[in-house]
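By letter and in written order, the chains are A, B and C; residue numbering begins at 1 in each of them.
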């Protein structure tokens, strides 16, 4: 029998690490969502769909700006020394995924704005008339539009992956210690974005395309989750215990019911049936996917903090 | 140059927490927070028991994940001795370093920045031992330069079996426990 | 008293008086503080003094930064601390910054014990006390006022009480703590163990600790030397029902059944005597009655001891031989708090005898002969002699008690036999946590005409006083010079480092002023304590100013072992080490210790054991923010089996109920392998019920509250407390 007792009772550290509450999962979700939206809208730009009147790619960029800003607000709130946040922008630390992320985020805004300038909405052009000639100059050149599309896809991809890499770089938390986490978050972001765009798209072609894409992403996500858990379970003891937090432990109910069941499998079934004309397209599936994506982030961030290398029996 | 390290003799340590209290008064550590602490490890079944007591703190690793993950350049390695420190004014409180430390040695100070043991660098640079080492009534704690083969820490490590915590984490901790 | 002008009430919620703090760093370290300091002072200065968190008096260097107390460290030239304070001492600044500390003299409003006060001036307090004391003297005689005192700070109060005419001055440390071992050793060697103990731990090659939990019991020098012995490879033998920190260092851990130590000691001595492993020359030279003693050991074989103690015979034999192998540098430690089962003086005598067999008394690695500086006392007029004598031990009922028995005074206060006790002064001791059976203490207090408590914090005992006098914390005051008896002679000075933040005063001032109010000014002829110090130092040929600067004046090294030339002197009736004690026999006691099996507890109950934490001192450090941060509540240690049987889990809160139905405050369960299954253990001093101790109120449980039964040692009146049993009840009960 092992008794390991510590006298340390540091807030947020003991008895179990709890430094990130709702702010980080919300940011990771919104970041992933925006990443997916950037990839989708960038793809549409690349394919020249911006010429279609009802292309969702025209509303997505500004929506992305709003959602991403909300995410960054959550990040800002999470900072415990927040009025020093600007220090992140006085340096670039190549070994810190967070540093990468903060600079990527900086680049994301101009990419989104460039994207938005291709067909700015009326409520902007009426207030800022100088936008119109600028927009025309961009929209005329298909090469420029394509380029903006590629940049959005690239930065979206980076944004989606880095959130996972950020967590996986914390070797001290065994649950996150998987190189597949970046892909998982990217795929989940794409899936959430596809679902979201499916909901807001007015063009039936896009709706169908995105539903199919979402099904693909959802299937891929299931595979990646399986690989993620298999990887942990076949690793060392702390990783096995971490995996079991999700598989059979305290996070199992939420994981299996809300993340896997309601967040992936059920919407996959519904959307598959809808895509195959068995039932009408319904917002139920996309809503479940989006919520599932959010809950996935919560589970990973919280369970990850619980997972650890040493096992303390009690704090005095 | 210099590589500061601590060597702690667990045979002599009685876990009295003098090191914890001295650190508190020396460094003004806020109530409810500890830069160092005691771990009591007991194995076996009564009465065949074995106990090891360790005074623990930041290990001032040679491969510190807390430094690598800091986006602000607040967490850094001091120019002398390999001591891992935090520039409080550069810290944004993102808590990446706290997630990165496998020893859970850091904490967020009530004023918002990440904080931890500093090896009492302010004392060391005046030629004195860290407060915990200087106070220890069982004389079980030693501090010195591992790059000096004649330092007490070097000689102790050369003469007695010892271990560090979680060597498999790859952090290269510089806090050594004599068995 | 009737002419009191309107004073502010101190309501029970214990609101702290808030004044601007000087240093934010110190504030952070000590929680919220309330004090005024010289805000104009800048820079760092140090002042040497000696500590008062416990009574060890370690030399201390206090550092002040920008006018605020910053930290304390050991005085490097201090022989007791060797420059390193224990954790309690290191947290000493917390006593100065304690928001719950007493701030001004208080006078009881309404009923005793209700903790409702009126703040008064010192003069008002002294007038009140003087009136009462004069009335008591007239009606009952001055002996009717007793003083319970702990620590060097009581010296001047003792002087005042004796000048007033009472011989009834007691320290709980005799009957509630070390008394039995001092009696046991006196009966054997003619001298007691001394405080600090004259144990040469650092040179011991074999150290035997019986219940003595060094490392948790944090008497600085003892722990430092224990670590030295361990580091030097000494064999450590630990005998304890609990696997203490010391047990963790032991080469042999003997998990003895509680209350059976005498059986083990007799068996050890049996092995050593029958195998002729004792120091024959030493015994021949210094021993008296050895043959009778040896013969009496015949039945006490290891096999006999095994079923009593639970220790296997071969382990008993092996450890006995191990002890003998290292003699005379084998130290069987006499312990400190030894009031356990009621036969404690005899058990301590058994320990003394074992040491005598090994020849460790007066030898290196055993017991050295303490030395001290020769500092003259201050010339005072003679104290009045009491015709009636002491009240605590009528008819010498406890014939071998050579110090006053606190519980004897308490008994007299209740019964008025042999004569009434009508007034108590209590200095720096929380009687409700120190004396067994709270109900008796309260009953006694309720019989008093006057109760005065002098303390730094509003303890439970202060809650029952008529007058509470706030003392300055040691860092703010002078005290009597510490002329220690130790391995090397020295004088220690306590002097103020920072001023008291409120209306607190030092004990010498309190005693002197009280004496003035009693018309006893002739006994305090010096105008202030520095005049008193200067007089004594000069009379002794020492430099007081050097002492002020260094804090410690070291004397020349002197021989402390027989082998260094100390003359072996044994002030017993025979002038030798009494292996067989005729004086015990003549008094009707066992001349050689005899084992009696301790009575078992009720089924389903567990024997309550208690001990120390290295970060706390008695019950008086729990509002010290630095120390309470290190340990804010105690826990009840239960064995894994006990937990299973009683449905307990780690971290669960329960209440303890003792054999008399007394139910404790809620306490956290610590499930561990480190204790015998039939025992439970907790650290002493928690479970505070004084509402003015806001930071400590209700945290943990009080072992003292559960000690309702005690067994009185017939030799010397010690009150054995390990005779209570508890079971578990849910918190809601």
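Just so it is clear, a contact is a pair of C-beta atoms (placed from the backbone, for glycine too) under 8 Å apart; a residue touches a chain by one contact, two chains touch by 3 or more.
Small disclaimer: the values here were computed from a predicted structure and weren't measured.
Taking the mean of each chain's C-alpha atoms, the chain closest to the overall C-alpha centroid is B. Of the two chain pairs shown, A-C and B-C, the one joined by more C-beta contacts is B-C. The distance from the centre of chain B to the centre of chain C, each centre being the mean of the chain's C-alpha atoms, comes to 35 Å.
The geometric centre of chain A is 64 Å away from that of chain C, both derived from CA atoms. Among the residues of chain B, those in touch with two or more other chains are 17, 20, 32, 42, 44-45. In chain C, the residues that reach two or more other chains under the touch definition are 630-631, 672-674.
Across the assembly, chain A contributes residues 1, 3, 7 that each touch 2 or more other chains.
Taken together, the chain A residues at the contact with chain B in this complex read 1-14, 17, 19-20, 78-82, 84-85, 87-88, 90-91, 93, 95-99, 101-102, 166, 169-173, 305, 308-310. Taken in their complex, chain A has these residues touching chain C: 1, 3, 7, 313-314, 316. Contacts from chain B toward chain A in the complex involve residues 17, 20, 32-34, 37-45, 56, 65, 68-74, 89-96, 98-102, 104, 106-108, 111-113, 166, 169-170. Considering their complex, residues 24-26, 28-31, 70-74, 81, 84-87, 90-91, 93, 214-216, 218, 220, 223-224, 226-228, 230-231, 243, 245-249, 253, 255, 614-615, 625-627, 629-631, 639, 672-677 of chain C touch chain B. Within the complex formed with chain A, the chain C residues making contact are 630-631, 635, 640, 650-651, 670, 672-674.
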